[in-house]
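Shared between the two complexes below is chain A, which has chain B as its partner in the first and chain C in the second.
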Partner chain A sequence: MAVAVKTTETSDVQTEQLMTGCEAIAEAIRLADVDVMAAFPIRPYDTVMQAAAKLIANGKLDCEYIVADGEHSQFEIVKHACAVGSRVFVGSSGVGWFYAFEAIAVTAGLRLPVVAICGNRALDDPGAFGTEHNDSLAVRDLGWLLPWAETAQECLDLALMAWRVGEDKRVSLPVAIGLDGGFLTHSQQLVSVPTKAAADAYLPRFDLGDRLLHPDNPITIAPQVDQDWLMEIRRQNDAAMRRALEVIAEAHADLKKLFGRGGDSPFLDEYMTDDADVVFFGQGTLALPMKVAIRRLRKQGHKVGLVRLKWFRPFPTDEVVRSLSRFKAVGIVDRDYSFGSPYYGGVLYNEVRSALYSRDERPTIVGFVAGLGGREIDQTMAQDIYDKTAAAAAGGLAAGDQCHWIGVRE
Partner chain B sequence: MAVEAPTGTGTLPQIKGVKEVPYDELFVSGHRTCQGCESALVMRHMVKASGPRTIVLGSTGCMYVANTTYYSTPWVVPWMHTQLGAAGSAALGTAAGLKVLMRKGKLAREKINVIAFCGDGGGADMGIGAISAALTHKEYDLLVLLYDNESYANTDIQLSSQTPWGAVTTFSPTGSERRIMHTRWKKNVPGMLAAGHPESRYIAAGCAAYAVDLMNKIRKALEVGGPTFVHTLDPCPKGWDYHPQYSQELGHLAVEAGIWPLYEVLDGVVNLTGPTRQIAEGRKKRKPVEDYLRRQGRFAHFTTEDVEHFQAEVDKMWEEWLIPGVIPFTIPQKDVTLLNIDKKKPLHATA
Partner chain C sequence: MTQATAAPPQTAAATDITIEVVYRGIFQKTLAQRITRGVVLAARQKGLPGTAFSRYGDSPERNGVPAKQFAVVAVNDIELEASMARYEPAVVDVSVAVDDTLVKGVESWAWYGRQPIWKPVRPNGVVLVTSDKSPDEIVAQTDKTDRPYTLGVVPGGASFAGLWVYKDDHTDWRVLGALSKVLPEWLPLEEVKAQVRRQTKDENAVASVQSGHDATKLRQVKVGEGTDAHEKLGFTKPGWTTMRTGVIVDARKPGERNPQYKRYATRTQRPVVNFDTCIKCTMCWLDCPDECFEVTPSGHFEVVYEACVGCGICAQVCPVKDCIVMVDELKFDSNKLVFPVWEKDRNTYNAWFERTSGRSAAPPTGEKAAVAAGGDE
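Then we have the complex of A and B:
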C-alpha cells in the first residue's frame, strides 16, 4: 500500500510517496481517469490490478473494472472499449501475455491506443516467476510501443506518457510498458505523484475523432482487405511508428518541464559515460547492479559506464548510434534469449549490432545473456561481464561475435 | 456501489405479422455470401429488428470473411471486426465503454444496442468461455447472436461442436474403412447457457425460416436489457450440400422434425414458439428426421441404422428430457413428485 511520506520534494504539483512499481502505475491510472480496465490474475503484474481495485473500492477512481475469464478476453474487452472512445488499461505477464497474443496483435493492427503493462516474467515451461523480457519482446514486430522502466517513478511517468503518446493522432498505437517482475513490480521506492490538475495539464482528453465507433459515425472497422490493401495499411502503421519518435520526444520534454525529471534524452539514460571506454547496455532494473559495479570499477581506475535503453520500440536508432559509437566496446546485457539467432545472441544484442552495421565508427559489441528467470545479477557476474567486454575492446569487431551466458552452473 | 439495473430501449415493440416488419434495410448489398446463405438473412433480420442505434461486433467466420469487404461493406450501422473467440468480450468491452462514457458525460446519454455475433465455431467452440463470462455481467446491456451453420463453413466446411452426428465435413469425410468419422452429438448451447446463467434474463433459439419469430426474439433480447443470447440455426447450401433454393425449406424441416426446437427463456421461464409449441402441445406431429437428412448431401452416406440412431437421439430430446427440446436430464419415476414442489411451503427452516 502506498504510504505518504513528508519530504522536501513535495510541491504544489506533486507529493512524494513510498510505493511499488505497480502501485505507481495504479496512481497513473487514477490520474489519467481511465474509463475501462480488464483484470485477470497472473504474477507479478497483477498487483497493479489489486491496487486499482482498491482505488475504485475507496471511491478514488471511477472506472469499469471487468475481471475477465482469461487474458485473451482481457485484451479484447479493452480493445473494444477503446474503439467506442474509452481510455483503457490492461496488463499481463509471461504466458498470460502469450494467452492474449491474438488480441495483442490485432490491437496494434487496429491502431487502438490501448495502454498495458507487461510485468516481465519467464515463460513456462518450466515455471519461474522472475524477470525475463521474452514476453514483452515477443510483440516487438507488431506495432506496439515498448518502453521499459527502471524505477517506480519511471513507471508512473511512462504510464502518463503512454496515454499521451499512444492516443496522439500522429501515432494512435498501443503501448506496453515493461516492468521487471519482482524487482520493479513489487519493490517500494519513493515516487513523486503529480496532482490531478498537473496530470490534466500534461495529458489531454482522449479523442478518437472520426474513428469513433458510434451510431452517429457508422463506420466499418477492419473489414476484409486481402492482398488489395493490406500493404498500404501496414505502411501506414509503419509511418505512425516512425512519427512516434518525435511525439515521445515532445512528451518527454513536457514531462521534464512540468515535473522536472526524465533525464536529458527521452530514449537513453547514460551513467558515467563521459570518458568511458567500455559501457554496459541494457534495459529495466538491470541498471541498478550495473551502476554499483561501475562505481566499484571506477575506483579501480576503469573507465566504464552504462547506457540504459528506455524505449525499445520505436527503436531510437540515431540516438543509439550516436551514443555507442563513442566507445571502444559495448557489453549488451540481455535479460532474454533468442535461440538460434545470429551469433546465438539475445534480442538487444542483435538489434544494436544491426543499428551500427553501416557506421565507420563502431564499437566492438559483445553479447551477454544474464539474469534469466529473475536470477539476480550480482557483482561477480557484473565483474565477469566487464572483464569479457574490456578484453573484447582490444580484440577488434570480431571479438564481439560471440555471446556469453553469465552465472550459469556447468 | 449498487449495480445499476439494466435498461430496455422501450422502442422495440414486438412485431405482429410480416406487414409490421420495418421497411428500412440496415444490412444491404455489398457482401459476397453464397447464394441461399441463411446466415446473411439472419444478419439482415437482426439489424432490421434492432434499428439504426446499434453497434454490431462481428467475429471471424463467414459473416466476416465473406460478408464484410473493404470498400463494399454491407453494414449501414457501425460495425467492427472481433476475433474468432471474442464475441462475448467484444460485447462486454463495447457495452462497458458506452456505459462509463455516458456516466462520465463524455458521450451523450442514450440507449445504444450492442450486438456481437459469432458463428458456431467462434461461439460454441472457441468463444464459449467469453460468452459465458459476458452472460454473468448483468450490469451491461448486450446481445450475443450465434449464427449456427453447423460447420466452419468459411474455411472449407470443417466440423464444429455444432455439426450434427455423422455429417460429412472436410475433417470428417466418409471413406472405405470408416463410414462415420464425426461421432460427437451436437452441443446444446442455448440450453446450457440458459441453465447456467441466472443473471441473463433472455436466451432464445430461433431460425431465419421463421423470420418474424426471430426478429421478435432479437427485439425481446434487446428490450429486457442485461446480457442476452440468441442462437439461430442457419441452413448452409455449401456445407450441407443441397441446392440453394431449399434453405428456407430445410429450416422448416429442422424445426418440424424436432431437431431444432424454437424457444425462449425469459426470466427463467421457458416458452416454446412456432411449430415447436404445436409439437409439444400435440397439435402437430414431428416429421421423421429422415425427411430432413435425406435432403442433404452431408448425410448421403447414412445407412438405415444411422438414420435410426439419429431418430432415436432426437426422440430422447422429446420423450426423456426434463423440458422437451430444451433441458436434458430427467429424474427417476420414484422421485417424480420432486417436480411438483409445493412452493407455498418453505423448504428452508424458518426462525
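Then we have the complex of A and C:
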C-alpha cells in the first residue's frame, strides 16, 4: 500500500507519495471513483488487484470488485458493466491478456470505453515474467487506444486521461495502458497524487447517454449484421480513432494546466533533441537507460537525443514525422518482436518507417530488438545501439544491416 | 390458363446461366443443395464449368426462414469468374421455389425487406414452383409483376426429403427435369438424365427427371399480372455517418411489434381460431414464442398474423379439439385480423372457419368437451 513519505510542497491539488506503478493505477481507480472492476491474478498486473482491494478494505474506494474465473470472463464482466453505464477498470498480462482476446476484440467493436492496464510481460512458454510489448501490441489493430507509461507518475496521469479520453463521446473506445512489467509495475517511485476534488475537476462523470443499456431505453447491441453493415461499423471505429488524437491533446493540455505535468507534446517526449543528429526512439521504461546513455555520449561530444512515443494508438503520424524528419538517423528500439516482418524489424520499427515513407525528408532508420523478456538495457547495449545508428548516419545502410538484435548471446 | 408453347426466351449470346433455389431454411437445405449441385454436374456432362453456392448470410439457417442457394454454369472458366466470390447474384435466369408458399414473398433478413419471388429474375426469365396448385392459383398469390416471366409449376408439395429422417421423394430429380425443360440449351434432358443415372445408378431417379420434365406446366405471366394485396416492406440501410454508435439498433418497447421485420414470410400454415369453442385458457397466449396473440376485451385470444411465423405451437397446446387449426398459407391473401368479423357476425365467421379449415365449427363432444366445460379429465 502506498506510504506517504513527505510532502515536498504545500499544494491544494496533490500530495507526494511513494508507490509502484500499479499502486499509482490503484490511486487513479480511487480518484476516478470506478464502479466495477474485474480481477484475475497474473503477474505483473496483479499488484493493482491487491492495491485496489486494499483501498476497498480501508473504506477509501466504493467499488464492485469481481474476481472472475479467468481473464475471458474478467474482460466480459467489465464490458457488460460498461454497457449499463458503469465506469470500469480491468487488466491483465502476457498470455492472460491473450486468454481474454475475444472479449478484448468485441469491447472495441462495441465502442465501450473500458480502461485496462496491460502489465507487459513475455508470452510464455517458456516461463518469463519480464517485460515485452507483444501482449499489448497484439490488439493494435482492434480499436484500443494504447498509451505507454515511463514512470509511476505517468501511470497515474495516463489512467486519469484514459477514462477522460475513452469515455468522451467523440471517442468511445477502450484504452489499455502499457506498464513495463517489473520496472514499472513493481518498482516504487515518488508520485504526486491529486486530491479527489482536483481529480473530479479533471474527470467528468461517465455518461453513455442514449447508448445506455437499460429497460427504459430499449436498444439492441450487436445484432447479426453480416456484410450488409459491418463495413460501416468499422468505418465508424476508424473515425473515432482519428478523432481520439484531438481529444488526447485536450486531455493532455488540461492535465498540464491543473497539475503542471506532461511535457510539451501529448504524444512525444523529446529529450536533448534540439541539436541532435541521431536520436533513439522507443516507448516505456526503455527511455530511462537511454537517457543515461545520452548524457554520457554527449559528454563525449556526440549530438544524440531521445524521442519517446507516449501513444502508440492512435499513432501520432504527423507528430512523429515532424519530429523525426529533423534528424540524420533514428535508432528505433523495439521491446517486442515481429518474426518474419519486413527487414525482420520490430513493430515500432515498421510503423515508423511506414509513417515516413511518403515524406521527402527521411532520416536513415535502423531497427533494434532489445531488452526482451525484461532483460535490462545496460550501457554497453545503449552504446552498441548508438554506434550502429551513428554509422548508418555517416555511411548509409548496407543491405541486410537494417535491423539488429542487441545484447543477445551468440 | 395459357400453356406456353415455345421455350422461354434465352439471350442469344448468353455466356452463363444462373439458377437460384429459394427454400425453407434448414428444412430444405439439403434438397436445395442437391438441385444446385445437380445443375452443375449435369452441365459438366456437356463439358461446361459451373459453381454452386449458398447465400452465406443465411447460415446458420433459422427454421423455415426463406434462404437461397445458387448454381451458375458458364461457357468457360473465364466467364464463370464473374459469378465467383459472390454471396448472391443480382440477376438470375431461373428462380426455383421448392415451397409454393414462398411465392407470397421472401423476407430473409429485416433489411432485405419483403421481396417478390420474381425480384432477381431477369425479364423473360423463369419462376419454377413445386406445387399441387395450378399455375393460375400460384399467379394469384404472387406479387404483381413489373416484368414478363414464365411460370412453371412442378407437380408436388413442399418436400422435406433433404432432412435425415424423411424418405427421398425425388423432388430434386423432378426439379432438374423441369429445369431441362426451361433451359434446354444449357441442361439438355438427355444429359441431365445421364448425370442422374451416373450419380444414382437408379432408373427410378432417371424416370423422375423425365417426369419432372414432362409434367411441369408452363404459363406466361405478363406485366401487371399477380396480386397487389401483399404488404410492401422495404428498408434503407444507413451509412456510417447516420447509423448509431456502438453497433446499436433501436429495440422495441414492451408491447410494441417490429414494424420493419415481420417474419410472416416464414409461415407455410397459419392458425385459424374457432372463437365459439375457445375456453379462454390462455395456453396459446402463454406458449406462443413470438407473442403474437392479443387479448380482446371479451377475453379471447386473437392472432396477429403480421407477427405469426406459423410454428403451430398454439394449435398443439390448445386443449380444445379443432379450436385452433393450422391451415395452408396460400388459402389467405392478407394478414387482416379476423376477430372483428366474429364479433360482428358469428355465422359468417364460422362459415368462413369451416370453409378454410375444413373442420366443423360446432362445439366438440365427449372427453374434450368435458375439458371445455371445465370438468375433470
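Rule of thumb we're sticking to: the second predicted complex is superposed on the first by the 401 of 410 C-alpha atoms of A that agree within 3 Å, B and C clash if a C-alpha of one lies under 4 Å from a C-alpha of the other, contacts with A are read in each partner's own complex, and residues count from 1 in each chain.
As a convention for this text, a contact is a pair of C-beta atoms (placed from the backbone, for glycine too) under 8 Å apart; a residue touches a chain by one contact, two chains touch by 3 or more.
Quick caveat, the model's predicted, so the values are computed rather than measured.
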**OP:** Kindly classify A:V408 by the partners it touches after superposition: chain B alone (first), chain C alone (second), both, or neither?
**Re:** neither
Original post:
Between chain B (first) and chain C (second), which, if any, makes contact with A:V78: first, second, both or neither?
Top reply: first
**OP:** Please work out whether A:I221 is in contact with chain B alone, chain C alone, both, or neither, and reply first, second, both or neither.
**Re:** both
Original post:
chain A residues in contact: does chain B have more, or chain C?
Top reply: B
Original post:
Where does A:C63 make contact in the superposed view: on chain B (first), on chain C (second), on both, or on neither?
Top reply: first
Original post:
Touching A:E232, do we find chain B (first), chain C (second), both, or neither?
Top reply: second
Original post:
Do any residues of chain A touch both chain B and chain C, and if so, which are they?
Top reply: 218-223, 225-226, 228-229
Subject >> Touch list for chain A against partner chain B, complex >> reply: 33, 35-36, 38, 62-64, 66, 68-70, 72-73, 76-86, 102-103, 106, 205, 213-215, 217-226, 228-229
Subject >> List of chain C residues in touch with chain A within their complex >> reply: 56-57, 87, 109, 111, 237-240, 243-254
Original post:
Which residues of chain B touch chain A in their complex?
Top reply: 52-55, 57, 64-65, 68-70, 73, 75-83, 85-86, 88-94, 96-101, 103-104, 106-107, 112, 129-130, 132-133, 137
Subject >> chain A to chain C touching residues, read off their complex >> reply: 109-112, 172, 211, 218-223, 225-229, 231-233, 235-236, 239-240
